[in-house]
Amino acid sequence: MAGSKFAYVRKFELPDVLLPSTFMVFRLDGHSFHRFSDEHGFVKPNDLRALQLMDHAAKSLMEEYKDIGLAFGESDEYSFLLRKSTALYNRRQAKIVSTLTSLFTSCYVFHWPRYFPDVPLRYPPSFDGRIVLYPSQQEVRDYFAWRQADTHINNLYNTAFWALVQQGGLTTTDAHAVLRGTVSKDKHEILFSRFGVNYDKLDPRYRKGSVFVRAEKKKKGKVATQLELLHCDIIRDDFWEKYGHILRD
Amino acid sequence: MAGSKFAYVRKFELPDVLLPSTFMVFRLDGHSFHRFSDEHGFVKPNDLRALQLMDHAAKSLMEEYKDIGLAFGESDEYSFLLRKSTALYNRRQAKIVSTLTSLFTSCYVFHWPRYFPDVPLRYPPSFDGRIVLYPSQQEVRDYFAWRQADTHINNLYNTAFWALVQQGGLTTTDAHAVLRGTVSKDKHEILFSRFGVNYDKLDPRYRKGSVFVRAEKKKKGKVATQLELLHCDIIRDDFWEKYGHILRD
Amino acid sequence: MAGSKFAYVRKFELPDVLLPSTFMVFRLDGHSFHRFSDEHGFVKPNDLRALQLMDHAAKSLMEEYKDIGLAFGESDEYSFLLRKSTALYNRRQAKIVSTLTSLFTSCYVFHWPRYFPDVPLRYPPSFDGRIVLYPSQQEVRDYFAWRQADTHINNLYNTAFWALVQQGGLTTTDAHAVLRGTVSKDKHEILFSRFGVNYDKLDPRYRKGSVFVRAEKKKKGKVATQLELLHCDIIRDDFWEKYGHILRD
Amino acid sequence: MAGSKFAYVRKFELPDVLLPSTFMVFRLDGHSFHRFSDEHGFVKPNDLRALQLMDHAAKSLMEEYKDIGLAFGESDEYSFLLRKSTALYNRRQAKIVSTLTSLFTSCYVFHWPRYFPDVPLRYPPSFDGRIVLYPSQQEVRDYFAWRQADTHINNLYNTAFWALVQQGGLTTTDAHAVLRGTVSKDKHEILFSRFGVNYDKLDPRYRKGSVFVRAEKKKKGKVATQLELLHCDIIRDDFWEKYGHILRD
């Protein structure tokens, strides 16, 4: 056969199997989304349409890949938890990373017009993805706590920053200068005293990020699963007591 | 800081640097494109629109990533050669695989309406990607020869098969049966004697696949590069004598 | 500096860090020990001197590397459990594998004359080593259970086999033929009825292998550790209830 | 079978195949040899017996593993070049690293009494090993050049240093102080003017390190190979012109 003398090149494809019985966290980040959000006029500090589009793409991924039990998104990033027993693509790293990143990207572009009916996509956006392995439940919880704590820090800063700029009339340079060295309490105080904003009353979607969980429902003795979108605390125990099954296996 | 007690989870992100000074071949494949092509009514054995869309996405990738010197596509797959000296993303595997797969996918969906103006995309298509390392020029040449030899084998089979079905009126089962055990010469003969088709006269795009090469042009003492789309033989020496610079470093 | 223009070759040394917070099992196997045991007249089915030498080398490894909490040996192999939190050599795989294999080998050759005073070493023996990662305690227990179950199977077979040859006067070919297809009970029966051997009364060292455990002793409010050599069951819960601390972190 | 319910633990043994058609350099280093050389009274700056023992162990490795074509040793380290086409242990990294380190260590301990007849080994020495891959001949040459340049730098420094201490009567602190900031020429000058030593006339073994090469000899139309021990320059072209076959495949 014509191809057989060249087929030896396949030997250079080395296995990249991920350790069995270990949780996989797959995280996506927007590629150059600072520029992308500028070009498409994203509202600051949070663009509801853009976040809902991210959520839609994340949900599509979870509908396609049943071994994803939990997802958490903020801004232009999303993290997905795969069951530790997943045999998806025989746990081959490049296959999983590339396929999941691809499908998410595809959904993002595909559903764009639904969330931005008046804003044509000016160029194709892209994402990068990676997989991190965690051996135990505690580390998985701490991973998601890390992302949500990050959401809190970023969003509080951004909310104060854009209030200073948009309502306060400061330049971006001055707004950064005002916030330099401030702690959390100071930012709450700036928002409340200068702009009458009670940060804790803002939409939890912005403060907590988006949580998709594959909930289990018992119906007539059978267990059915259903995707739920939440904007709740996932750092404290309550969440994990209610949805502990996603860490089970 | 709120996040700091959780930040230890970053230690689980292990480095995945690819061996320096080694050619990288990045290959993409359509995910479940058999179904995708059916759902979107792709013409058999080759759909010009679909191939041109693949080419467009490939070209976009090469415009964005200057370290890709060569690409070869056929059907729903595309291979890209990165210079052996590339420092793209510090040669981190997951970053490269995911970003390139993402951008290709994004371009595919973004440009779909241009090539299929009357066929709305019914659902988001996806691709998987992988990187294979090759230490030497010979292996790179043989890799691309392997893909083009494969193109030839597949296209000859498919051309004969669909002629038997579309012009010959056979069922797909019968068409497969006719072709079982035939060698290359037999398929040429079937095409010629039964359907008057001289396979070697068919559009080289189908027979040879698509080759994008970053050609060097000397202009007023400077070297400029320019992407060229070819449908030529890349197995024999001629191509590599003309474009040898893409293997240089 | 003379060396600086060549120092770029260090860039080809890629990191090989093992996943944090994961148990490491390091297993050594004798290289061509069938021949080695023949050349040095090892007693069949078990040579006490050779086993004690293996134990001595294993103990030396545990004395040097405090993060090894447990070891299990049989025949010419030994497995070592490193704490999941170990930071030994920053968890670099090649460094750990090579150093531990080297020290074990060195101890084996160094202490040889003590166990084989009348048998000069005819050539240098060698071992190979590997590391396997286990995310959870259960898998670590099952790993050691796997090795001990293997010990049982091999030793029962070998004991019956050599009884047939040494006391029964069979050729090795005939002895294998007698045992072909027999189950555990049959081998017990052969040993008992033909040779008056109650397998369960044989030295547990041969039946159970060697277990080194880093035991914790409380002394005047402090916890001291001490290596204990056991030949006990490590499959059932008793062992792990007593020495559970070796799986703690 | 008793072992079968535990055998799943084997699934955690992941493949670690090294990229085909790539040169492997295997480098060994003595573990804590500063202390080891002190404890065993190694002569400073170079102990001929210790170097010859290293050479003996290296030669044994090359006799056992025919795919090693070249070795270079200095002080307590040794580097070995494996053919790029080697299929040793199916190119499994841990297997190669551990086995080669083990055999070298074993030879070192085994042959110790031959080189140190009056110095009993006080404790078992050990080595660590690693493999670095190089895609091309140039990098392999540069790797060995890097090691030999290092030998030169270290040996010149050590020779001057120990002359200042042993013949010059300086403390080690003062000797280091004298050499601080000196360049190569200064050290030559110190050796020559203060101690009458022409560095370039010293035994090339110390200045150039040890080179083992698998030389090819044509005899009656057949090619036989033979290990040669050299203490020559391996940075310049002469060596590689004569022994170029070791880079061939």
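To keep things simple, chains are lettered A, B, C and D as they appear, and every chain counts its residues starting from 1.
Just so we're on the same page, contacts are C-beta pairs under 8 Å (C-beta built on N, C-alpha and C of every residue); 3 or more make two chains touch, one makes a residue touch a chain.
Remember, it's a predicted structure, so these values are computed and weren't measured experimentally.
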Computed over C-alpha atoms, the centroid farthest from that of chain C is that of chain B
What is the distance, in whole Å, between the centres of chain A and chain B, each centre taken as the mean of its C-alpha atoms?
31
Inter-centroid spacing, chain C versus chain A (mean Cα positions, whole Å)
46
I'd like the Å distance between the centres of chain A and chain D, where a centre is the mean of that chain's Cα atoms.
51
Identify all positions of chain C at which a residue touches two or more other chains, and write them in rising order.
12, 19, 21, 133, 139
Which of line, ring, star, complete or other matches the graph of chains that touch?
complete
Going by the contact rule set out above, which residues of chain C touch chain D in the complex?
1-3, 6-10, 12-13, 31, 60, 93-95, 97-99, 101-111, 121, 123-134, 139, 142-143, 145-146, 149-150, 152-153, 184
Residues on chain B engaged by chain C in the complex (per definition of touch)
11-12, 14-15, 17, 19-21
Within their complex, state which residues of chain B touch chain D.
19, 21-22, 84, 133, 135-136, 139
